[in-house]
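Here come two complexes built around chain A, the first alongside chain B, the second alongside chain C.
== the complex of A and B ==
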């Protein structure tokens, strides 16, 4: 698999005025992969992107591109292009000249430039917009031009810095699908930065969850969602119930005062753990057959499902269900062993290099 | 002291203007049933009318009249030929007398004299030079000040602003004492062995004074535009293959054009009308169009106020034309502000 690695970050660290922004980042990106850096603002995801783009240099560590160290190479010599957060289109140039900007610098023949610009405008569904001023375009259209301007240079890697952040929800969802389709059609590696977990889950082949300048977990959307490494990832990706518990022995965990059978093992005996259960995995059953019983404290209608908060004495459970139980009624809660996920507590978090696929 | 008398209808005009202004004010208050915000602009409006609008009309009035108040275009003819009015004032008998003595108009110093045009052309040339020098000095300065990575930028801005808090006359006199024969610069020159130079009372000294006074007017409009420019645009250009020079040439420079145009206008206009700087630093040897107009108004001889007004009017038209040009290039006035 080594030869497939297009970009590798090796032990990258970065500090601003004594504050650690990136703390020993190790990451590799394969050819044609759609990788998303996901994390809350200030987690270092944009800085990572800027280091790959060449706009910032790491204090230590190496950036390898096709097995060559590119740490000292300026942005204009890197075979990557960037789609900026607020597009950064050139206001003094029209649509056509914006897209042709990179090609003209390469002294490409005029007819070839015209042909490529036409192709890109076609690709981003803006046929015939050649002479329009970029300031007259809507946010979504400017976004497409920014993507076209970057892609026309046929980069090996396209870096996207929260490119959909300024669009409204509906347009954002459309663009997510379009971007993904475009990436698959062109076979270009995408490195995407976002704080929107849903966006990351929808588009990515691989998600890199970052927090506080460190990588917490790398994996496919499914593995990140189903098997979060720790409470932070579980909380950040989707909604979760997280309970402190004790691993009694393999495949048996004790939390909320009850022993639950589970499928995880290898944590040792009587070890403290964090237990995560997704709200949609909790079953509402009769009071007599539930593993835990509780009183429904509140019911919220969320569209597809109801969100119910259930007080089970010493713990509050968040449950998503398509059927509603009235507030104040006593219910039983049950979780099948497969849906109980055991994690190491946050203190000894260890970022893993494991790449599922 | 002066031969000037405001014509009777001038008083009438001022009186009418004032009455009309008060009338408008009352009508406005009535319409809005009380005092609204624009009312607070009225003291300034009054000021504007008395000290700007009326004098402008007076300048126009004087331009088109002779000292007796009769309509004439002679003042503009004096622009082409500065002796026009003096020649006209001579009686035919005197002319015949001089002719019989064998003296031509040139011998009498009354021949065609193009000093007004020559001075205007020279002033334009000096202003052009001043603008070019200010642009060459000011653009790099503004560029450095607006550089995000240059930590001393804000300090530089203050260093540029502070001298402007001083009266420009004071600054010019300070420059004069620097350039003097026994001034600081000459002392340094002698100390390093170059020897004392004649630095004052020449064209170069006047030009130096103009550049010194007008440079901030070039720097700040450009600085404003560059400072507001999104640095992501430079990064985008680099990302697309521009080295540092191409980023400047392809992105920064084209986007700073409004600031450059503002700067050029803000330097060129006062530079064309400069006076006093030339007197202080040129030692009376360098006369600019502004000095010429000033001299006309300080003169006690006949006609001169009228000729001076005509020259001022021509100057005003020139400035209005360049303002119109500015509005064409920079309709939003992006470059202005700050000072």
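== the complex of A and C ==
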């Protein structure tokens, strides 16, 4: 597997005016992988991307590309291209000249440039837009041109800095699928930066969750969703209920005043833990057969499901269910052992209860 | 009320422009007397063209204005790009330092430049006047290029590097074309200011190298010839046109 590593970040740290932006980042990216750096704003994900692009230099650590140290190489000599947040198209050039910018610098023959520009415009579904001024295009179209302008140089890695952030929801979802399809078709490594957990889950092969300049967890979307390593990740990726609990012994955890059987082990006996349960994994059952009983405090219709806040065992449980129960009614709650996820409690102060969507 | 407003505005404009109107009317007066209208004529304009002193001063004025605009635009544009790339605090400091010469009275600038030239034992003449004009033009160029740089997408330069451009190539093929409207406005402004300057020119040249305004001044001391009316009228029209163009450009850029 080692020879597949295209980019490695080794012990990267970065400070701005005494503030630590990146704290000893270690990360590798394999060939043809779609890697997403995910985290709230200010977590260091964009800085990481800019260090790989060559726009920032790390205070310490190395950036390895194809096993060569490229830390001191300027951006114009790196085999990566970037799609910037607000596109950064050149307004004084038309669509065709924007896309051809990199190729002209490589002194490529004119007919070959024309052929490649045609191919790229085709790829991003903007056939025949050659002579249009970039300022006359919509946000979505400008974004496609920015992607074409980067991809036409056939980079080994494409860096994307929140490229869909300025688009509306529907367009964003379309572009997510298009980008993913493009990446698979061209076989180019993508490094994608976003704060949108849904976007990360949809597109990535690997998600890197970052917070406060550190990497919290690296894994496939499924493993990060199903087995978050701590309360922050659980909270940031999807919605979850996080309860403080005590591991009574292997496969038995105590929280909300009740013992729940679970599948986790190896935490020791009578040890404090965080318990994560996804809202869709909580079953509403009869009052008398539930593991814990509660009162429905509020009901919200969310389209696919109802979101109910239920007061049970002196905690508020967020429950997603396709069947609605009226507010104020008493219900029983049950969770199958497999859906109870146990984590070590976070050492640091708990991040505030912020939710991305 | 509406009538009152109009009369008020009319009066202000009247008093503001009456001297210039008198000047322009007088320049077409056939006679030499300033008190009596002796019929319409282009006589003084003809004499103007045939006066070697005036033609000489015109050539000097235009050469100074063109050269000063050229050099100050080059200096000012690159200075603006440099200032723009600075961090916030040194940037604000530089912009303040840039603004001070503009608010300084011309007479102070003129005398201090004169003292500098005397102190450094540089003989005053064409070159010193040109240097002085470049000096007072540069801040205005910086001021008209700066907003264009601020409007530019902050990643444009990085995008160029990312696509393989060297910093030099990016400067000339991405940054300069994007700020070009501001550069042209700056150049026109510099040209206009240089054309119309009297005070600073007066202190930084010698009596043999005269531009139009210092020439008019020295001739006025001997009594104003009617050709001066014609010359002043022409300068007024030329500056008016230039200013209208500059104003229009600034408005379009803001839109």
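Here is the rule we go by: the second predicted complex is superposed on the first by the 346 of 357 C-alpha atoms of A that agree within 3 Å, B and C clash if a C-alpha of one lies under 4 Å from a C-alpha of the other, contacts with A are read in each partner's own complex, and residues count from 1 in each chain.
Assume a contact is a pair of C-beta atoms (placed from the backbone, for glycine too) under 8 Å apart; a residue touches a chain by one contact, two chains touch by 3 or more.
In this text, all values refer to a predicted model and were calculated from it rather than measured experimentally.
Partners chain B and chain C, brought together by superposition on chain A, clash.
In the superposition on chain A, A:324 makes contact with neither chain B nor chain C. When the shared chain is aligned, chain B and chain C each come close enough to touch A:91. Legend: residue contacts after superposition of the two complexes on their common chain; A:346 is shown touching neither chain B nor chain C. Once the two complexes are laid over each other on the shared chain, residue contacts for A:82 go to chain B and to chain C alike. Judged by the touch definition given at the top, the superposed model places A:149 against both chain B and chain C.
With both structures placed on the common chain, the touch criterion links A:258 to neither chain B nor chain C.
Within chain A, the residues touching chain B in one complex and chain C in the other are 53-55, 74-76, 80-82, 84-86, 88-92, 101-102, 105-106, 149-150, 153.
Of all the residues in chain A, the ones that touch chain B in their complex are 53-55, 74-76, 80-82, 84-86, 88-92, 101-102, 105-106, 149-150, 153. Per the touch definition, chain C reaches chain A in the complex via residues 153, 155-156, 158-166, 169, 174, 177-178, 180. Within the complex formed with chain C, the residues of chain A that make contact are 53-55, 74-76, 80-82, 84-92, 101-102, 105-106, 149-150, 153.
Interface of chain B with chain A (complex): residues 230, 232-233, 235-243, 246, 250-251, 254-255.
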